[in-house]
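Below you'll find the structure I mean.
Read from first to last, the chains carry the letters A, B, C, D and E; within each, the first residue is number 1.
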Amino acid sequence: MRDIHALLKQRHRLGPLEPRKGGLAFVTVPRENLRGLLLELRDTHGFTHLVLLTAVDWMEDGLFQLTYMLNNRGRDLTLGIRVMIDREEAQGDTIHDMWPTAATYQRELKEMFGIDFPGSPRLDEEFILEGWTDLPPYRRDFDSLAYSQQTYAERPGRVTHDPREYMKSKLYPDGV
Amino acid sequence: MTFEWIQVPYALATLFIILNYGLLMTAVVRKLAARVGGRPGIPVWQNYIDLVKNFALRSKINHGVMYYLGPVFRLSGGIGLILFVPTIYGSSWAQNFSFAGDLVLALYFIFFGTLGMALGAGESGHPHSAIGVSRGLAQVTTAELPMALAVYSLAIQYQTLSITEIVAAQQGGLFNWTLFTNPLAVVAAMFAFVGTMMRSPFDVVLAPQEIPIGPPTEYHSAYLALMQTNRAIFPIAKTIIYMNLFFGGAANWAEFAIKVFLLYMIPAVIGVVHPRFRVEQSIRFFLKWGLPVGILAILTV
Amino acid sequence: MFSFKPDRSQYPAPGPDGKLQIDLETGKYLKLWQGPNHPGITGNMSVELTVCGDEVVEGKTHVGYLHRGFEKLMERRTFIQVFPIVCRVCVPEPDFNEYCYAAAVEDLAGIEAPEYAQWMRTLILEMGRFNSYMMFLGGIGGALGLGITGQWMTYVRDLMLDRFEELTGARIYHMFILPGGVRGHLPEGFEGRMEEVLDTAERYLADIDRVMFSNSVFKTRTKGVGVIDPALFEPYGVTGPNARAGGVAKDLRKDSPYLVYDQLDFEVATATDSDIFARATVRRADVQTSIDLIRQILKKMPKTGPAMAKIPNVLHWKIPRGETYIKGECSRGEYGYYLVTDGTGYPRRINVRGPSYTHAMALLEHLIPGTNISDVAALMVSLHTYPPEIER
Amino acid sequence: MKDVDDKFLKNLDRTVPLREELRPRKVTTPDGQEIEIEPLKDYFCEAAPKVHAKSYFPIVEDFYNWARANSLWILGFGTGCGAIEMRPLMTPRFDAYRYGIQWRPTPRQSNLLMISGYLSVKTLKRAIRAYEQMQGPKYVVGLGSCTINGGMYWDSYNTIKRLDQYLPVDLYIAGCMPRPEALLAGFMELKKLIKAGKCEGANKYAENFATYKANQKSVIKDWDMPDYNW
Amino acid sequence: MGLREVLTPFTVWKHVFDDPVTIKQPIGRPAAERYRGFHQNDLDTCIGCGTCEAICQNGAIDMVAVAGYDPEKGNSGLKPQIDYGRCCWCALCVDVCMTGSLTMSNEYTWVDTDPDAFRFVPGLEEPWKDDEEGYEREGKRVLSGIERIHMEEMEPEARIGNFDEIVAGYSRAEAILEADRCVECGLCVATCPAHMSIPDYIAAVRDQDYDRGLQLLYETNPFSEVCGRVCTHKCEGSCAALHEGDPIAIRWLKRHIIDEVPFDRRIELIGQPAEPTGRKVAIIGAGPAGLTAAFDLARAGHGVVVYEALAHAGGMMRYGIPEYRLPYDALDRDIGVIEAMGVEIRTNCRVGRDVTMDELRRDHDAVVLTIGLHMGRSTRVPGTEGAGVEKAVDLLRRITDGEKVPLAEQIVVIGGGNVAMDIARSMARLQKAEFGKVGITLTALEDIDHFLADPEEVVESREEGVKIFDARGPQEVMRDAEGKVTGLRTWRVKSIFDAEGRFAPAYDQSDERVHAGSMVIEAIGQAADTSLLGAALTEALEWNRGRIKIDTAFRTSEPWLFAAGDAVKGPDVISAVADGHRVARTVMEKLAAREVAQ
């Protein structure tokens, strides 16, 4: 893995390699270098298998992290490629022409994170959700519990007590 | 043969026996199939309860006149078949309304129900029904082709179109059965028999995994009950024809019960252990195997 | 003789954008929904078919009927609280979720599961794989109208579930593989009872061979149908038995051994034709591998030993920032968990990579056009997809 | 349980526009005629459900109930995880057929809708339609925690919590998921209830139609079907 | 398509002759022995800690009050109620249960038409309550730590020769590990006399947020240096963790926080006291109760003067606790913080001698009496009068003051409380320095399991060479002809209290033993020296069994006089601190209401 990283580092402006155990490593790449990197990895270095494509919401930093996980099946190497994109105008570059199956991932990202991939087929069709009107649910500023409490009725009548507070109220109600 | 009023209650009695026999026997066959899978299966009286239950449902949806008439046609196809086929050879009362050309009429009735069903199911508006109907008509047509040829062969052999006479000709010993006298015709006819009993590998019409459950998709409540009634009568009636034509008929009710059961078991035995053909595969199968045998039966008679 | 050449003149022509121009109002085409309420569909999903005659000209997979928002729910739960919900991601073979999640957490938290737990996990995973294949062998027969296979295979699966029950305390969702190890030890006399189940299974599998794999009708229906061109494996992310049926002998158990697979002896089954029949035979061979592996594991695994490594107090377990991806070869292909932590007591993100995701969406949509309506169900079953892991 | 933050209320009232193929429009038929269609009206019947009276003679009704109880036809619609425990019931180990319980692939012929666990909103829509297409008297059994109070998906944005808000439920079976044996026990209990004439869910649905519809519409945002589909 | 191929499938019809494999009676079929079925709870073992509720990711568990189970020490009296509309049978609640009371039966059939019925309190009346089978966790709990993190201590050989502090204190890493074991149930809070927010400051340790930790400590206790070392830690006796392992080392964690925050930073964190109110309060006795009250009152802006008879502030904390347990500089730091709040401490100022009660009453808005117990009690058995018999408190005070105390090669200590241990171990150190060996015999009425002293004190005493004889009642101090002490004669104790619970030891006279020794130290209790009150006030006050009578708000029968601490309640530092808070609160309420006599 280190040899590949050393080879590609300059050309694709890769960040430092972060190896983990078992042939797995992560690396960050600027968005404009992504396509070239993926193509080269796929065509030259045997990373032909797109394991997954997903996003991580770093809301505090105002960023989405796109993770492209590529696998070289022959050498049992897995490379996670991170691309940081702006959270406000979330847009990635479609790679469905390299891996047709990426279109599905991109549809999901569009629906669940609101990340746009211009040119990806059937991007705007409903994928998993139906009639969804709220924020894309995987964004971290979407609160699932709050939404659920407002939308779906709950069976009433449950009360609970905090043992500490309960003992206080029973044993030393004035606090001393 | 002249018509006598007494034949009406006689025919109804036959119908009644056959209905009950059908309800019980289909349950028994299902139980046998279930046992191959290793389970006891439905109780033998389950069909009765299902029938009552379906009649007892409170709401019904009607999709139109033909939708309503579909099951009626289907049932009349079954009943009609019974009424014109002599059930017990030599019996004074279980002769029904058999007459000289009853074989032709019977062939007509076999097809009549299917057609009625096609019309009714078509009107139900469900695409699965429509697909089922088109599959059904295509497959039953080709499947009945060997049967028609076998009957033709039989007509040539026995020089009659009266079922009673054909049965009569087979009396007097096992080797007088058409099974032995005209085996090719029997083989051809059995292709048709297996092919039209709606069991694997020829049940693509109902194919639950594809078009659940084909034509009757939209049928429910009393409509479905009518079809269930027919499902008990029609296969038995059809089996009776085959029994009469090829297996020496039945001289008493016990012989009838055994022969019908055994015949009925043939498609069941095949069905349990086979997946189903696609519709064009089964058509090809009948054209490839059934048709030549049927033609051969005519040629060699 | 009698070869059907469908009249394709009626079929829609591709438009300038490459998509088929289907105008339903011409009456030439029929929209047909298979699912979600449909016996031919694997689980609760649906395929929207556009048919022309008996031939399907376009198929679209619709999922989301089982969407519970797992990846969101996991972000709301502490690391131990995620443990009970991961198994729900995939109902028929839940154990892989437990393993992948536990291994991912262990990786990031720097914990090593004890040796006994590693063996136990392998055992559980093989038992789960066995069960999953039972579902498949029953399902593929059922999809083609051979219901009897489903009867037997579900029965055998039930027997295996009994073993699961006595080992893990549950039938379906075992919740046995905790981050840090496993929850318990083998019960007394387990090996003997397992051997009985495996014997019964082998008897029934011999019946399956007779009634299904040597059945000419079954062969007619499955040979040459639903062929996946091996060239498509990489672009469409095809893994596992689906790829092995096309001659690609890739199995993570061999190529990237995890748990104790490097101490076990087994062969990777392959086939060449890449059609439905090949996919079924590969799985049939894999069941035998699983049976052998279960026997081997029970023989080789240590008799005692700690089941759990020492883990921090789970009520406020924090894991330092990091990310990892843990994969394994489940019965359907590569199963993986991508875990991102941010130093808090909650995962930042968990992404589940189920093989069904690629198989049932892009691949199925690619394979469906040109098939017969009758073959859609069998094709889908042959890909062995479980909807809950697609939409999570 | 924390209070709901107001900022999450912003998108709740937005409506989803009707899909294009369901909007009223003009089309040209194959034979060149131009007709106006309104799919929601044309394809479906909008008649509201009716309350169906019991049979006039109690003894007849009792007989009917006996038959209904002993011929339970279940709609083979696996709405959630619990569906996996249906399979053992159809197969040798537990064989529910011997109790007169059978599975039907079409809602028209089914009497019993098993909601096997959680219902996502997308499936709820299908389950409602399946229920409405079933012919009365019809029964609903909720399996597992999820149908009672949300179960382990109590905080999910996509699953309902109380099934009885949307469909009249006759019986609940506890478990996550309930074992086949528990399901059989549930069926036996349901049989008893049916025989006792206590399962009038279909009539209850008709009587409280407005409430049920309001509840259903409050969670199904893209209501692109008629209010009642028979 | 060969003929063989056509015929093979039919062979499986052989199964039609097999018996069905179906289970004949599936309903109610017993599940596996480990099956995770419906919950069971042993209500008598359950302590209502709510850990099950905390770990449940489904929000399925509520802690509810159940009739017949009231809160008590280390038991909230609450019981888990489980909502089967939420439960997923993961059994994490069983695995995490601190007592092991929560288990699962292998019962699994529950069918009901009423969705609201699926809620129940396990252990009350469910039919499977007493089922034997079902899921129980294997061994002890693994989801939180069982064993206490080892505290580094000096070896007995090293410590016996000097008065250096024995306990080293946790390192940061150790403290985090120990703090990690806490499940934050909060059962300890009620037990702590001062109701310190124990779970919160333990969380602060875990988060390495010592500033927050210190603020939490000072909210309820200005003597964290002291309590972090010598507190009787009743909290640890009510810790949920002790049911299956060691309780959390709450005391050491408290000490760890205070160790981590430098003195100057403490004052900075606590912040300045409120604006002066102009009110003045006199406090008699600079012990824990007095100084705590002083701290609270000074924080509120009142002027506080503490009158202390001895040379240094600290009371029993200084003069009763040996230095090896509580180094004086640690105590000085605590007192330093209190002084930094503006409290004036007048040492060497004995009320009654240097200043009169009347003067105090005149010059202050209120007077708080926190004089503690400084007079040793005697067993009054024959022979206690005269030389060679000492009282423990006196000796301890003299040791602290650096005086030369009488010493003998063989000493007998009477008493089983902490004071007895303190004096035994102090004397042992002196013996070691003087004679090079230890010769201490300790006798106590209680048997070893019911010693009033902390268990670790007993252990450490033994390590240091103290011989302990439990359940021995002193009968006579033996003296030789010259009147020199030769030993102590004891009988074995059969019982200490009579049927009514009164102190009335019963002895087994046949089991007599003489403990040789040339010095006897009595450490059986102390009394308050109330002579400072003067005759008039003594007459005016109401008394209760030799103690000044106070109401629940620590008011004496005189409206201007309040009393707190060991002198009126007891028995340990933390209780004194708690009393200090309470009396300060009462005083402040009174001051605010201007009810105090002007």
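Operating definition for what follows: a residue touches a chain if its C-beta (ideal position, glycine included) is under 8 Å from a C-beta of that chain, and two chains touch if they have at least 3 such contacts.
Which chain is which protein? Per UniProt: A = NADH-quinone oxidoreductase subunit C; B = Membrane bound protein complex subunit mbxM; C = NADH-quinone oxidoreductase subunit D; D = NADH-quinone oxidoreductase subunit B; E = Membrane bound protein complex subunit mbxN.
The model shown is predicted, which means the values in this text are computed figures rather than measured ones.
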What is the minimum number of touch steps required to go from subunit A to subunit C? 1
Chains adjacent to subunit C and to subunit E under the stated definition are A, B, D
Label of the chain whose CA centroid is most distant from the centroid of subunit B: E
Taking contacts as defined above, which has more of them, B-E or A-D? A-D
Using C-alpha atoms only, the most centrally placed chain is C
Sort the other chains by how far their Cα centres are from that of subunit D and give me the top one. E
Measure off the straight-line distance from the CA centroid of subunit A to the CA centroid of subunit E, and report it in whole Å. 50
Distance from subunit D to subunit C - Cα centre to Cα centre, in angstrom: 29
Need the CA-centroid distance for the pair subunit B / subunit C, whole Å please. 42
Between subunit B and subunit A, distance of the C-alpha-averaged centres to the nearest whole Å: 61
Residues of subunit D touching 2+ other chains? 1, 91-95, 98, 105, 122, 148-150, 152, 154-159, 162, 176, 179
Multi-chain contact residues (two or more partners), subunit E: 9, 12, 15, 20-22, 31, 57, 83, 85, 88-89, 115
The positions of subunit C in contact with two or more other chains are 38-39, 64, 67, 69, 72-73, 76, 84-85, 148, 151-152, 155, 173, 211, 215
If we use the touch criterion from the header, which chain pairs count as touching? A-C, A-D, A-E, B-C, B-D, B-E, C-D, C-E, D-E
Touching residues (chain side subunit A, partner subunit D) in the complex: 129-135, 137, 142-155
Residues of subunit E touching subunit B in the complex: 9-10, 12-13, 15-16, 18, 20-22
Contacts from subunit B onto subunit E in the complex sit at residues 32, 34-40, 269, 272-274
Subunit B contacts subunit C in the complex at 36-39, 127-128, 131, 200-201, 203-204, 207-212, 272-281, 284, 287-288
Would you tell me which residues of subunit E are touching subunit D in their complex? 20-23, 26-29, 31, 38, 57-60, 83-89, 108-115, 118
